[in-house]
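The first chain written gets the first letter, and so on, giving A, B and C; residue counts start at 1 in each chain.
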Amino acid sequence: MNSVFQVEDFSLSYGEKEVLHHISLSIAEHAVTAFIGPSGCGKSSLLRAFNRLNDLIPNAKESGKILYHDQPIQSTNPLELRSQVGMLFQAPSPFPMSIYENVAYGPRCAGKKRGKELDQLVQESLTEAALWDEVKDRLKKSGLALSGGQQQRLCLARALAMKPEVLLMDEPTSALDPLATEKIEELILALKEHYTIVIVTHNMEQAARISDFTAFLYLGELAEFDTTEKLFKEPSNPKTEAYLSGRFG
Amino acid sequence: MGKNKLALHPLKKREIKDVARKGITYISALLTLLLLTLIFVHIAQGGGSLLSAELLTSDYASLTYTYESSAVSSYYAAPSASDIAFSSAWGVGLKDETSLTGESVVSLVYLAPSSPMGKLSSEVKVGAYFTKAFFQDEAGNNVIALAKDGAKGVIETFEKGKTLTSFSITTKGGGIRASLLSTLLVIAISLLLSLPLGIGSAIYFSYFANKKNPLVRLLEKMIAVTAGIPSIVFGLIGVAVFIPFSSLFTGVNTGSLLSGCFTLVIILLPSIVKSAEEALDEVPKDYRTAALALGSSERQALHKIILPSALPGLLSASVLAAGRIIGESAALVFAIGNVISDTVSLSGKNATLAVEIWSLLAGENPNYRLASAIALIILIVISLLSLAAKILTTVFLKKRGHV
Amino acid sequence: MESTQRVSFKKSEKRTALDRTASFAYLFTAIIAASSLVLIAVFLLVKGLAPFFKTYAENGTTFRINFFSFLFAFHWYSLPSESGIFYLVINTLYVSLLATLIALPLSLYTALFISKIAPKICGTILEFSIELLAAIPSVIYGLFGREVICPAVDSLAQSIGLSSKGGLSTLSSAIVLALMILPILTSLSVNAMNNVPANYLASSLALGASKTETYFKVIIPSSRSGIFAGLTLGLGRALGEATAVSSVIGNAGSGPTFDLFGTSATLTSNMLLGYSEAVGANADIRFSIGLALILLIIAVDFFLGLIQKRMERRYGQE
């Protein structure tokens, strides 16, 4: 399988505190890779490294390399990188604009102005996010008027509108009810046919359900990285085993 | 991969747009700072030269005083300044100048310590304008020196005079003593009346009231609405209500400082209530609970613990209120009047500083220099008050552990 | 043991009486404070309508003030029987809206700078400067307008071949008013921008937008309601501003004036015009203008409220 991201000996620290130590792994194309582990162990920080959102944090220092299609992302223009690597956040945060404007936001910034083309793009994205049927009659209404699950799918549509190659998801269902969670998980499984997905989750059952590869991060280190089936059935690292059996969380 | 990649705008173009946008925000912020500086600098330039202790303590009206005398001339040493016309016989130095109102005057610029003119009265001092003087010369003839002769001409006459019979000077005028005192008086009384009312209301809303009660919310709404009323309308109410009302106390039927004070009270109430309420809300609710748990009553907790805690915030609110009073003009034009007289009393119609500025501007010959001088004083005081309020608030928040 | 019990019982009795008095006293102050509104409403209404029901005898003639010509005439003469406020209303709205238009972009960009772009120290200095600007009394803005803005406007007019009455004009008034409402608008916008949820920035960046693009395309639109609140307050202040406007507007006797360089008059400037010497009908009519001003402000507030509700429906609250 082709790898989209290649992480080589990557470390990250916020000021004095080192959050990630010498991580090396690769993210496979058209597959779902999950990052699991106890909270505070750096999962989200690693995820955010992939689209350089850590640049926002003033005292963040990185060492090592992350390659996107063999190009180090540190020397890529972040705007370009982020147009191909999309992100979904834990708390759905649609902008206080209409549904249409939310989805059209990214393309508009990138320069897409034409009416009909944009309309079509919006419809495609909303359809891919399984939201079109529910909102097609109220595209001009506010995005905040939707339910939690719908808002998250709106954020997904928003990310999809940029036609990215990769989708990063930071605990996308932890704020949602079980029904909405199920819907999102279905979508992820459908989306992986065309997209590469990396998902951070504190719910290991979710990782077992939907991911192809799983990385277990413990205290900032990559404790184990393998196919999901193998990691869950026969973990090689005793810490992985302990986490999976619930001995610590 | 074969996916329809999104056709992107060239990044360079976006970057240029970003720089332009950021630039606009920098320019905007700079303009705001520039505006503040421009206002202060311009006012300081216009009126700074006038600022002196004399300005603050003298009367506005220009009065002429005439003194009888029988002094004889003597000899006085000339001062070192070379550009004044000096009379060595009388120890007086004069100079041609232009008054604030644009007239040419002969100004008294030097007075020898033992000069007989200076002994006539304390009003005969440097800065006064010479008007006229009657002398008798050596032959016993009367000689008259008039201001229209110009400084040099007057001094020539002075030198001829052997005995002084009468001496007249005109005070400079243009002083703001009365307006200053009126303003201070108005501030004191208005604060005395409005602070208890405003803080009391704030205590009620913050401490005692049940906010779910619709009547309470109505009261709050009523006070909030009052905040949006332009001050000139308050001035009208001052005329309609407080002028008749204060005549009970002052006995006059026209605008007075007292009616102005009452008007200011209703102007200030909404903002005092709002900032006092904020100050009281900042005090942690735990203080009240702890006090009650120790067996004190609500009132005791309030007076002994909550109010002292909120003190800096309440002081800040009072300081801001004082600043508001100094600047109030439109309402007081109606509620007091804009007469610039030199006697200060509660029943008087004196213009306060702000009203005086408006009055000076509204006439046909605006006295910009004096207006700017008064404006400068107001600006300085307001800056100090704002600073004081800011410091009080910061101290207050630091105590709470916020900053 | 008994004696201590008795003592505390008596003490709590005394406490209750004082407590009740205290809480009643505070309630009382609140009622007095609130009743000032009633006072204003009643007297403004009574004194504002009274001039139309009185017969005046002045200068040897008796007259009544015609209500309809008061409402609809386009001129203001020294005889109140021949004066109308219609043109004043139009001028007031025109000048105030112009002022808001001038102030809005400036305050938005400055607010964005303070809230998101400036380093902390710069932001604090700017915020204090704005507080100072807000504290400057209106007369001083009037003085500044007269001495700086009017000559500037005059030069501007002459440089494009028009004339103005020494700069006393609609444009000068609009500029002076804009300067006065700038602080309110800016500080409320800064508040609104500071309260935009932090993850909007992350979401927007994740979609490939730059920081600056986010500020303009997400932060500003998300601050809509706070900015609108500032607009409402600012417009209200501009409509009611008296001494600053009267110093630079030129007091035109008729109108309305749409010419930027022409002299004009507003409801408030006419209320002040010649008040010190006004007696009889001339003085009484000021109340009627005041009543008209309050009604205008209420109407504008109502209209703005409708717009705000419509905005909320379309864009949603934050």
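By our rule, a residue touches a chain if its C-beta (ideal position, glycine included) is under 8 Å from a C-beta of that chain, and two chains touch if they have at least 3 such contacts.
For clarity, every value in this text was computed on a predicted model and none was experimentally measured.
Among the other chains, the CA centroid farthest from that of chain B is the one of A. Chain centroids computed from C-alpha atoms place C closest to the centre of all protein C-alpha atoms shown. Between chain A and chain B, the centres computed from C-alpha atoms are 63 Å apart.
Centroids of chain B and chain C (each the mean of its C-alpha atoms) stand 23 Å apart. Centre-to-centre, using mean CA coordinates, chain A is 49 Å away from chain C.
Listed for chain C are residues 210, 213, each touching two or more other chains.
Contact with two or more other chains is made by residues 14 of chain B.
Shared contact sites, meaning residues of chain A that touch two or more other chains, fall at 79-80, 83, 109-110, 162.
Residue ranges of chain A in contact with chain C, taken from their complex: 51, 53, 56, 78-80, 82-83, 86-87, 89, 91, 93, 95-98, 105-106, 108-110, 140-145, 155, 158-159, 162, 168. Per the touch definition, chain C reaches chain B in the complex via residues 15-16, 18-19, 22-23, 25-40, 43-44, 47, 105-107, 109-110, 112-114, 117-118, 122, 125-126, 128-133, 135-140, 142-144, 146-148, 179, 182, 186, 210, 212-213, 215-216, 233, 236-237, 239-243, 246-247, 268, 271-272, 275-276, 286-287, 290, 293-294, 297, 301. Taken in their complex, chain C has these residues touching chain A: 197, 199-210, 213, 217-218, 221-222, 224, 313-318. Chain A makes touch with chain B in their complex at residues 77, 79-80, 83, 107, 109-112, 162-163, 165, 194. On the chain B side of its complex with chain C, the touching residues are 14-15, 17-18, 21-22, 24-29, 31-33, 35-36, 38-39, 42-43, 46, 196-198, 200-201, 203-205, 207-209, 218-219, 222-223, 225-226, 228-234, 236-237, 240-241, 266, 269-270, 273, 297-300, 302, 323, 326-330, 333-334, 337-339, 354-355, 357-358, 361-362, 366, 368, 371-372, 375, 378-379, 382-383, 385-386, 390.
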